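Chains here go by letter, A, B, C and D, matching the order in which they are written, and residues are numbered from 1 within each.
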């Protein structure tokens, strides 16, 4: 029997395959394509204390080997989320990681507290790295002191395990990982999108209404792998790796770099079966390589 | 008559198309493919005060839409450079930008001083951003104080216009641009490569002997465009933009983002005619769009 | 059920400069209806996102769909080189199409409902499948199709299902001007409007419709096509059921909306 | 003169499991010589760098080249699907091949020079063109080709130009073992060695050659293929002429080196 289970902060996942917050809705849309029971976890779209309308359109555009998005964290707010999305997810035998966004520490804390009594939320992922909202969410992710502060505040207000989702738009990812760990984070996830820009030269206009957007997709994978390697070697807490994962081979590359679990992000849009295919492919890889326990792969390079 | 000339720090280029340091040797190799007289400038491979052997192999690997390199700035040292490469380049009616690397401020200063009497070196580009040498060259590019210091030192030791080449591996590129400007840089160029990593999952080995390498190519273009936009809007000195440029359209996108000139880097390897095709394509674009002066495009978005 | 699936090209022809007509054998045909669309994947690894293209026709045996599209960039350029027998990967069927029951319900029992179909430019093709479906459902169809110049396409087929009028910007065929100019010129009467075309045209139609229902098909940049990414939203009059922030998703809540419901 | 140019596939066949033989009509054929290589471009936008593949043959009319390669990843996999008439983009001709004049000069006037050609695995193909050129130049050629198992390829052709011996790792054909085992087993005499194959084989040959000249063809990851990027270096005994740091560029200073000059 091959073991594909991984454990993060006491929560055991049947396999290390999740999807990137914001690329999978709350699972509902892709449940037509993928049996959600097969996933290690469903990571929900970022949710705030109140509904957020997000940014003006165009919000997405294609770039070489990837895309830019500036959704601006449109979300229905925590109430609708708890009433509709969590009950939907509770039908499935998978873990649920709720991604949380906010404009201020208080916003985050409000959401986190509201979720404390929701048994269906297994873990919280704190998005301090969205490059697409003006109000400073990204500042939490780029300033070590702010990251430390918000991590501590959140930890003080919830008993659920907390994953801090880091931004790649920093000089020193290892330092940010250490700051999160020291402030009490139970795990970190990375990378969020890298800030990019596209210009429509015929119209002399930005391709996105927001001017800049977050880049994701296979094009950013080498940067993500490097950061996962650097971060996971800087801390003892587990790392969830993502950035351009399309196949089981990509997932394994992240695990070898040091990730305990992995997320498929924009490649869901390109291949709605990508998460399930990663699960299958990882099993096949373990089998054909005679590896009894997936945990052997973590950081093995 | 359409004007394609651009001027940077008093040096006038017949057109804004150059190539990225290290991707074109000293022009010799590509002179079989491209008439160097057609280029705005030839930017030479980084040269140090003494010969550098560079890193062990494998030094390069392919990634989605780009490549990683960890050449480690192998170069024959400034003496051979002045005796062989500069005389070769002086046969051509193009500007020569000499890219300079070093391990310490003194190294840089030594090269810069040696070049002061070389009339064939029109400008100096100071590489403070190579991610592939251990000795800290990158530290000059990621630490504002170090960047300021080295810029001032170099300016104090040469009368030639100085371009500071910035690294994208920073949290705030606008700040780094401002630091360079305040310290006296005549121009800035960006982006150098982004640190990335690739793992060969079959062999459980890093694809590069150096573990990490600098990523270049079309995959990084949106990040480069964004940084050129941010940097050029933060300073008054001209910006030379690069990162994934393959076509005239790419070049124009960088100019619209704020670049006064542009460089073709790894795409020379994919299309050895890329620089000349950019020159042609830009002319055609100006013509078909009724633009009399290329300077109109700079930062027009 | 939505699927990503590989179809086979049955034929492709060029209808007008830059306009192509692609017939694809695919299991998606069994579900496809007027106003819906598919995502078409390129084979170009640099261009990963599916290209949304509307259903222009479904074969009678429901085994193939027809896409009519304009070359607008690298994806559609690649598609234009597809040949009989080539494979093409599709995501679909996507979106809510035109609500035929609603349209039928607009009439009274005596006279058939009169649906005015307005298509502008590359908004013409989806109207063809709609005209066929409406005609089959006993609705009286009046089609007014607008083109830039005399490079018209699909007109003969519209005539099979509808009274057909034409407008062209340069006046070379039909009414000189846009589709609404043609409607006015021909004093066409109708109970509802169904439209697809550029945003300014849709805005004008929203205004023009007055009290009558106008079903318009919207476009926006899309990533997922299935309602997950929230990339393709349009502002709505009422709170949307999904995000509760007056932002409907064009790919799933649309692309067809009642004009009065959206702020365009 | 080096060029990037589009060639046309004349034929492709599979020689052994995973080994393909591709004949391409291209202007590069006029300059190509044994030991040189071309960069072959994929059509896959995610895989941009040219794949270095050695010249396995040049047609008599110097209008086409022949490449024999093993499927090793996504580029070669794509190439294996090329069919007659397809276009393929090449960069070439690259590198310095074997120095025929030098090899010829190794003999005395009475007896012809005896060149021992050693090819291992996918190092076999470049030896074929070399055997042809050497034979044409009046050199006596002895070929010893090593394979993993009985899936040999090109052997019949070697026999046209040379005394031909075989080694296989599993002993299923020829000498069981590697090419040097076969050389010893057959007590082959020679004036020089020309070799291409995996690094351990080349290292053993360097040792084995003793005082005799051994020309070996090296491999390294390449980006530009033309000497500009300094990606593909090998440590050299002497200071290299380009960077003056005992690092020669395999793509331009090689890929063929005298074994005594490089540190492998």
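The definition used in the following text is that a contact is a pair of C-beta atoms (placed from the backbone, for glycine too) under 8 Å apart; a residue touches a chain by one contact, two chains touch by 3 or more.
Here the structure is a predicted model, which is why all the values come from computation and not from measurement.
Novice: List every chain that touches both chain A and chain D.
Specialist: Common neighbours, chain A/chain D: B, C.
Novice: So, comparing C-alpha centroids, which chain is the farthest one from chain C?
Specialist: Here the answer is chain D, farthest from chain C.
Novice: Could you see whether A-C or B-C has the larger number of C-beta contact pairs?
Specialist: Between B-C and A-C, contacts are more numerous in A-C.
Novice: Hey, how far is the Cα centre of chain A from the one of chain C, in Å?
Specialist: 36
Novice: Where the CA atoms of chain B average out and where those of chain C average out, how many Å apart are those spots?
Specialist: Once rounded, the distance between the two centres reads 48 Å.
Novice: Take the average of all CA coordinates in chain A, do the same for chain B, and state the distance between these two points in whole angstrom.
Specialist: For chain A versus chain B, the centre distance works out to 34 Å.
Novice: Approximately how many whole Å separate the CA-defined centres of chain C and chain D?
Specialist: Distance between chain centres: 57 Å.
Novice: If you look at chain A, which of its residues touch at least two other chains?
Specialist: 64-66, 218
Novice: If I count partner chains per residue in chain D, which residues reach a count of at least 2?
Specialist: Only 45-47 qualify.
Novice: Select the category (line, ring, star, complete, other) that matches the graph of chains linked by touching.
Specialist: Graph shape, chains as nodes and touching pairs as edges: complete.
Novice: What part of chain C is in contact with chain D in the complex they form?
Specialist: So the residues of chain C in touch with chain D come to 44-47.
Novice: Within their complex, state which residues of chain C touch chain A.
Specialist: Residues in contact with chain A: 1-4, 41, 45-50, 91, 220-234, 242-247, 252.
Novice: Sort out for me which residues of chain A touch chain B in the complex.
Specialist: Touch list, chain A to chain B: 63-66, 68, 142, 169-172, 194-199, 201, 204-206, 211-212, 215, 218-223, 225-226, 229, 244, 249, 252-253, 256-257, 300-301.
Novice: Would you tell me which residues of chain B are touching chain C in their complex?
Specialist: 64-65, 218
Novice: Within the complex, which stretch of chain A touches chain C?
Specialist: Touch residues, chain A against chain C: 22-25, 29-30, 32-33, 45, 51-54, 57-62, 64-67, 69, 71, 74-77, 80, 217-218, 266-273.
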